[in-house]
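Take a look at the structure below.
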Amino acid sequence: MEKLKVGIIGAGRIGQVHAKSITYHIPQAEIVAISDIYVEGAKKVAEELGIPNYYEDYHEILNNPEINAVLICSSTDTHADIAIEAANAGKNIFCEKPVDLTVDKIKAVIAAVEKAGVKLQIGFNRRYDHNFAYIKSLANEGKLGKLQTIKITSRDPEPPAIAYVKVSGGIFLDMTVHDFDMARFIGGEVEEVYANASVMVDPEIGEAGDVDTALITLKFKSGAVGVIDNCRKACYGYDQRLEVFGSGGQASAANDTPTNVSYINENGNSSDKPLYFFLERYMQSFTDEMTEFIDCVVNDKDTKTTVNDGLEALRLGLAAKLSVAEHRPVKLSEIEA
Amino acid sequence: MEKLKVGIIGAGRIGQVHAKSITYHIPQAEIVAISDIYVEGAKKVAEELGIPNYYEDYHEILNNPEINAVLICSSTDTHADIAIEAANAGKNIFCEKPVDLTVDKIKAVIAAVEKAGVKLQIGFNRRYDHNFAYIKSLANEGKLGKLQTIKITSRDPEPPAIAYVKVSGGIFLDMTVHDFDMARFIGGEVEEVYANASVMVDPEIGEAGDVDTALITLKFKSGAVGVIDNCRKACYGYDQRLEVFGSGGQASAANDTPTNVSYINENGNSSDKPLYFFLERYMQSFTDEMTEFIDCVVNDKDTKTTVNDGLEALRLGLAAKLSVAEHRPVKLSEIEA
Amino acid sequence: MEKLKVGIIGAGRIGQVHAKSITYHIPQAEIVAISDIYVEGAKKVAEELGIPNYYEDYHEILNNPEINAVLICSSTDTHADIAIEAANAGKNIFCEKPVDLTVDKIKAVIAAVEKAGVKLQIGFNRRYDHNFAYIKSLANEGKLGKLQTIKITSRDPEPPAIAYVKVSGGIFLDMTVHDFDMARFIGGEVEEVYANASVMVDPEIGEAGDVDTALITLKFKSGAVGVIDNCRKACYGYDQRLEVFGSGGQASAANDTPTNVSYINENGNSSDKPLYFFLERYMQSFTDEMTEFIDCVVNDKDTKTTVNDGLEALRLGLAAKLSVAEHRPVKLSEIEA
Amino acid sequence: MEKLKVGIIGAGRIGQVHAKSITYHIPQAEIVAISDIYVEGAKKVAEELGIPNYYEDYHEILNNPEINAVLICSSTDTHADIAIEAANAGKNIFCEKPVDLTVDKIKAVIAAVEKAGVKLQIGFNRRYDHNFAYIKSLANEGKLGKLQTIKITSRDPEPPAIAYVKVSGGIFLDMTVHDFDMARFIGGEVEEVYANASVMVDPEIGEAGDVDTALITLKFKSGAVGVIDNCRKACYGYDQRLEVFGSGGQASAANDTPTNVSYINENGNSSDKPLYFFLERYMQSFTDEMTEFIDCVVNDKDTKTTVNDGLEALRLGLAAKLSVAEHRPVKLSEIEA
C-alpha cells in the first residue's frame, strides 16, 4: 500500500511531536516535507527524522501536488489563513488549536473547507487521552445514565511568560478553550456560561489584563450543569482531571503519575505528583489523534474533531470573557455563531 | 468532679444520637431528662439509656434548676422559640441546625443568647468530621498557602419524601446549608453567590417547587472561588467530598467506605461504595461535636460553631434562592443581615 | 426479655474493652460482676460502668448461680485453669487467646468444656475485622475460586518490653498466633510450616532468646500456599494486611487510616499512615466478636471460633519454633494433637 | 558524532522490540544488520525499519568489522555459544536472558568476555521498570533504612503452551529467574532458598514435570528475608508487584493500569485491571535498558546488569529446583558457582 504523503507547516514543539508520531508510529503515512519561517529549525527536524525536503516557505508544501495532507503547526495567528490556502489547494488539513481567536476567521475556514470538500481535524488532543476517552466511552455506553454534573479541573504547573499572556487572548481563549472542548465532548452543547475569575497567582497577570484563577459554570442544553476550575499555577504540577456524574453512576479520572510506588515511613504515606509537563502527560494522545487523522484521510472517513468544534470552543471562551466583563450569566446565543 | 447535668428536648433520631454520645462517650456529662411531644418516644429512650426523667413538655426541662445545658433536637420550626426560652431560663444551648429559616428569628435567638450570657453551639457536625477537620487543620497550619479554590461535593443517596420537600425550605436551605457552612468553615466569609439548578432526578420535586441538582458558585471575600455541587440522589450512595486548592498545595477528602478491600477479577478491580447512611458516615462527628460542646460548658470556653454560623449559612441559602429566581449572581450584602 | 448475666474475670485492658462493648453496644447482656487480683482495678471499672459487684477472687463469679457466662481476661498462664473451673461450674466461656502455651492444657480445657456441655469462644478478634471478614465472605461465596496463595502481613508499631519478650513464649506463640488463626480462617488446615527468622530490630530480643523478624511459609492441605511476614517494629505503625489469590480473583485488604485525605504539594502526594494502636485498629472487631458470643449463648448457637481453633493456632506456632530450631520444613502432624 | 553500529541476531518478538527502541528512541546508535535463521523475518523487520542489511547467518554480522555491538535475541539454547563467538569477534554484547540453563556454559561466556575485554549486558529489563527502579533508588538513598523483608509478586496472565513448558527448564528457570534477579537487585546476595510448589492451574503442567504455583522463601546474606510468589495464571492479568520493608520505611509498587479512571455505581467502585501483556507493561523498560547499554558502549562505562547477574539468577533457580526435589532449604553454596 502506498503511504499517505504529508507536509508539516511549522517545525516548533508541536510540529516535532506530530513529526515523530508519524515517523515512528504511523506506518500508513510518510512526511515528505516540513517548513518553518525559521528554516534552520525545519532543517534540523528533517535531518533527524529523515524527511527529504525542508522549506522556509510553506507554499512549497501547498504547491506540491504529491502531498495529500498538511499539518498546520505554525503560530496561532497564521492558522486560519494557511488553512484557507490549504483547503483551496485541495489538501486535507490537521490544524492545531485554536483555529483563530475570532468567529469570522473560523467561519471563513469552514467555508473554504466545505467548498474544497477536504477534511479538517482540529488538534484537541485531550479527547484522545486514555483517561478521558475511557470516560467518554462509559458515557456512550450508557454506563453513566443521564448526565447531570460534569466537573473539569485544569491547572497548569507554571504560568506562561507575561509577554505571552498579553497576546494569548486571555485565559479563556488560551487555556480554558481545551476544557470547553472537553465539556462539549462529554456533555454536548452549552446553553449558558457564568465565569468567576481572580488574579491570585501573580499580579503581573492582572496588570497584563488577564486573570489566573477561574471558575466557570456551564449550563448544558441537556439540563446538565458543569464546572471548570482553572489555575495558571499548581505548585504540585499539571492537574488534569475529569469527573462525570449521572443517574447511572460516576466516572472520575485521576492524574497520571510517573510511578505507582507508595512510600510510607513515620511521616506518612507518600506517592508521586502528577506528570509535570503537558507533552509527557498527553504524549500518547498526540499520537492517537494523529493516527485517527491519517486513518480518516486514508480511509475516507469523517474526522470526529472538526473545525466546528474549534468554533464552538471559541464561542464558549468569548462567552466567558463577556460574563466576567458584565458580571452576569451569558447565553451562548448572545455570541455570534 | 460533678457531672454536667443535661436535658434533651426531642427524642427523635438526632436526639437519640446525642443521648448515646453523652451516655457512652462523655463521662463529664449526664442526661437528667429527655422530653418529646410524643412522650412514648422519650420514655423508650430514657429506659434504654437509664435517663431518670422523661416528659412530654419541654418546659419541665427548662424549669429544672439542676439542668445546666439543653440540647434542642425538636422539629426545625420550634428551634428558635425553644432556644429563646432556654436562653431566658439561663441554660447553655446546643441547637440542631437549621436554627430557623428566617433571618429575623435567628437574630432574635442571637439577642436572647447575648442578653442571657449563655453559650450556644449549632449542630454543624460536619466541621467535626475526621476528614474535613483534618483539611481545616492543614489550612490553619498554612500547608495550603493562600486558598484559591474550594470544591464541595455533596450528594444524597435518595431524595426525601415529596411531603418533606414541600416544607423543607428547598434544597438550598435544607441540604446545601451544610455545604455553605463547610464553605465558610474553610474559606471564610462569602461575598457573592451564583446558583445554577435543575430538576433532573424526579419531576415531582420540580412540581413541589424545588430543584434536585444544583451547582453553586461562591466568591469569597478573600478572592478565592468556590463551588458546591449537590444532587438529591447518587445511585452509589452518600457522596461527601471536599477539595481545597491553594498556593501551597491541595488537600482532598475521599469518601469513607465500609472496608478497604480491593477485589480484582477478569472484570476489573472493585472496591466499596461510600458509606450509605449519614448517621454511619458522620457518627464520630456527632460524638465529637457533643464532646466539644460539653467541654465548652464545663470549662467555660467559647463555642466554635455559633448561632452566627447558623445565620450566615441561612443567608447563603437565601442568596442562592434569589440567584436562581433572578438568574444572576447575588451579593451576600443584598440579603438582610 | 431478660438479659444474659455476665461476669468478667480480669479488669485489665482487654477486660475493659469487653466490659464497654457489653455495656454500650450489647443490650441483650448485662455485666453482673467483675473481678481482678488487683481489686482496685476491678472496683474502678465497676464504678465507671455501673457494674454492681466487684471482687478480688474470681471464684465469687464462678460461684454465683445467677451468672450464665464468664469472660476470661486474666493473665495468659491462668486461662486454662480458670476455663476448666468455669466449665465445671457450668458457665459459658469467652476466653482470651492464647488459651495456653501447651497442647496438654488446651486438651484439658477441651475435655472439660465437652463434659460440661458449655460453649467456649476464643478471642481471635481479627476474624471479626471488617476487612478480613469481607474477604472471608468473598471466599465463601466462591468469588475467589479455588484458593492458591494467601499472604498475611502483620507488623507491630513497637516491640514489647524485653521483660515481656522473655515470658511471651516467643514471637510465634505471642504474635504470629493471630496470623496462624487468620491463615486457617481463610485457607483451612495446614499441612506443613517452614519458618525463617532473624533478629533485625533489636539485639536484646535475640539475647532474650527470641526473634523479631519472621517469614513463615505454609502449605495448606488444599494444596494452597501461604506466607506470613512478621516484624516487631514497623516505623510507620501497625501494618495489618491480607491478600488472597485464587483461580477466580484476588482480594486484598489495605490498612485502615485515620482519614481519607490526600495532601499534595511540590514534595509529592501524601496521605495517612495506618492506625497505630491495635485497640483503635481493631475496636469494632472486639465489639463484633462479643456480640456474636452473646448471641451464641442467648440463642443457643454453636460458637464459630472454638477452643480447637486455639489449639490449632498453638500447634502451628510450635511447628514454626521447631522449624527454626531444626532449620527444616515441619509437618503439622509432627506436633502433638 | 558518529553513530554506534549495531547488529541484531534474532528478529523475533524481542529482537523487534530492541530494533524499534534503537531506531526510534536512541539517536546515538544505528542498526546496520539483522539476522534470523528464518530469513524472511529478518527481511521484514529490515524493510519496516530501514535496516540496510539482513542475513540468515549471524556470522555475517560477527564478521562485519564495522559492527561494534551485537544484540543476541535468538533462542535461549543458542545464547551462550553466540555470546562466546561474539566476544571472540571483539563485539560488545547485549544478551537476552537467560544466558543459559547451565552454570558451565555461563562460566564459559564469562571467561570469553573477560578475555576479549568486551562489554556484556543481560536483558533483565525489569531493573529498568519505572516502579521498581524508583524503589531501588529509595533503597539506595537510605530511605528504607536497613532492608528487612522483600516481597515480590509475579503472576502471568496465561500459562505458556505445554510444548514450551516441557523445554523451558521449569518455572524457576523460566519465570522466577526474573524475580530472582529482582530479589538480588534490591536485596543483594542470597544465602538460602526454600521453595514450595504446587500444580493448581493445569494438571497438564504437572504431567509435563513442572509446577504452576510457587512460593519461594529467600534468606539474604544481609539477614533480610524475602518471598517470591509466582503463578502461571492470574485471571485478572499480569500481576507484577514489589514491596520492600526496612527499618526506615516501606515502598511498594502497585500494578500499572490502562487508565486512572474510577467508575462507581450501585454495584461498587471499579477501576482497571493491570496491563495484560508483558510488552505493554514493560515497554518503557526495554527502551531504557537498551539506552543504557548503548550509553555504556559509546561512553565506555561498565554495564550494570552483567553476565554474573545472569549466572546468579540461574543458581537461585537451580537451588529452588533442588529445594523442591529434596523438600528442604538449600544453601546457595550447594550450587556450583
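Order of writing sets the chain letters: A, B, C and D. Residues in each chain are counted from 1.
Criterion: a contact is a pair of C-beta atoms (placed from the backbone, for glycine too) under 8 Å apart; a residue touches a chain by one contact, two chains touch by 3 or more.
These numbers come from a predicted model, not from an experiment.
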Chains touching chain B and chain D alike, please list them. A, C
Chain B and chain C share one sequence, so how far apart are they rotationally when you fit their Cα atoms? Give it in degrees, rounded to a multiple of 5. 180
Name the chain whose C-alpha centroid is most distant from the C-alpha centroid of chain B. D
Can you give the whole-Å distance between the Cα centres of chain B and chain C? 40
Suppose each chain is reduced to the average of its Cα coordinates; what separation in Å results between chain C and chain D? 43
Approximate Å spacing (C-alpha centroids) for the pair chain A, chain C: 58
In chain A, which residues are in touch with two or more of the other chains? 235-236, 248-250, 264-266
In their shared complex, at which residues does chain A touch chain C? 235-236, 257, 264-273
Interface residues, chain B side, partner chain C - complex: 23-24, 27, 48, 50, 130-131, 134-135, 138, 143, 248-256, 258-266
Where on chain D is chain C touching in the complex? 145-146, 148-149, 151, 155, 194, 196, 198, 200-201, 213-215, 217, 219, 223-227, 229, 231, 233-236, 239, 245, 247-250, 327-329
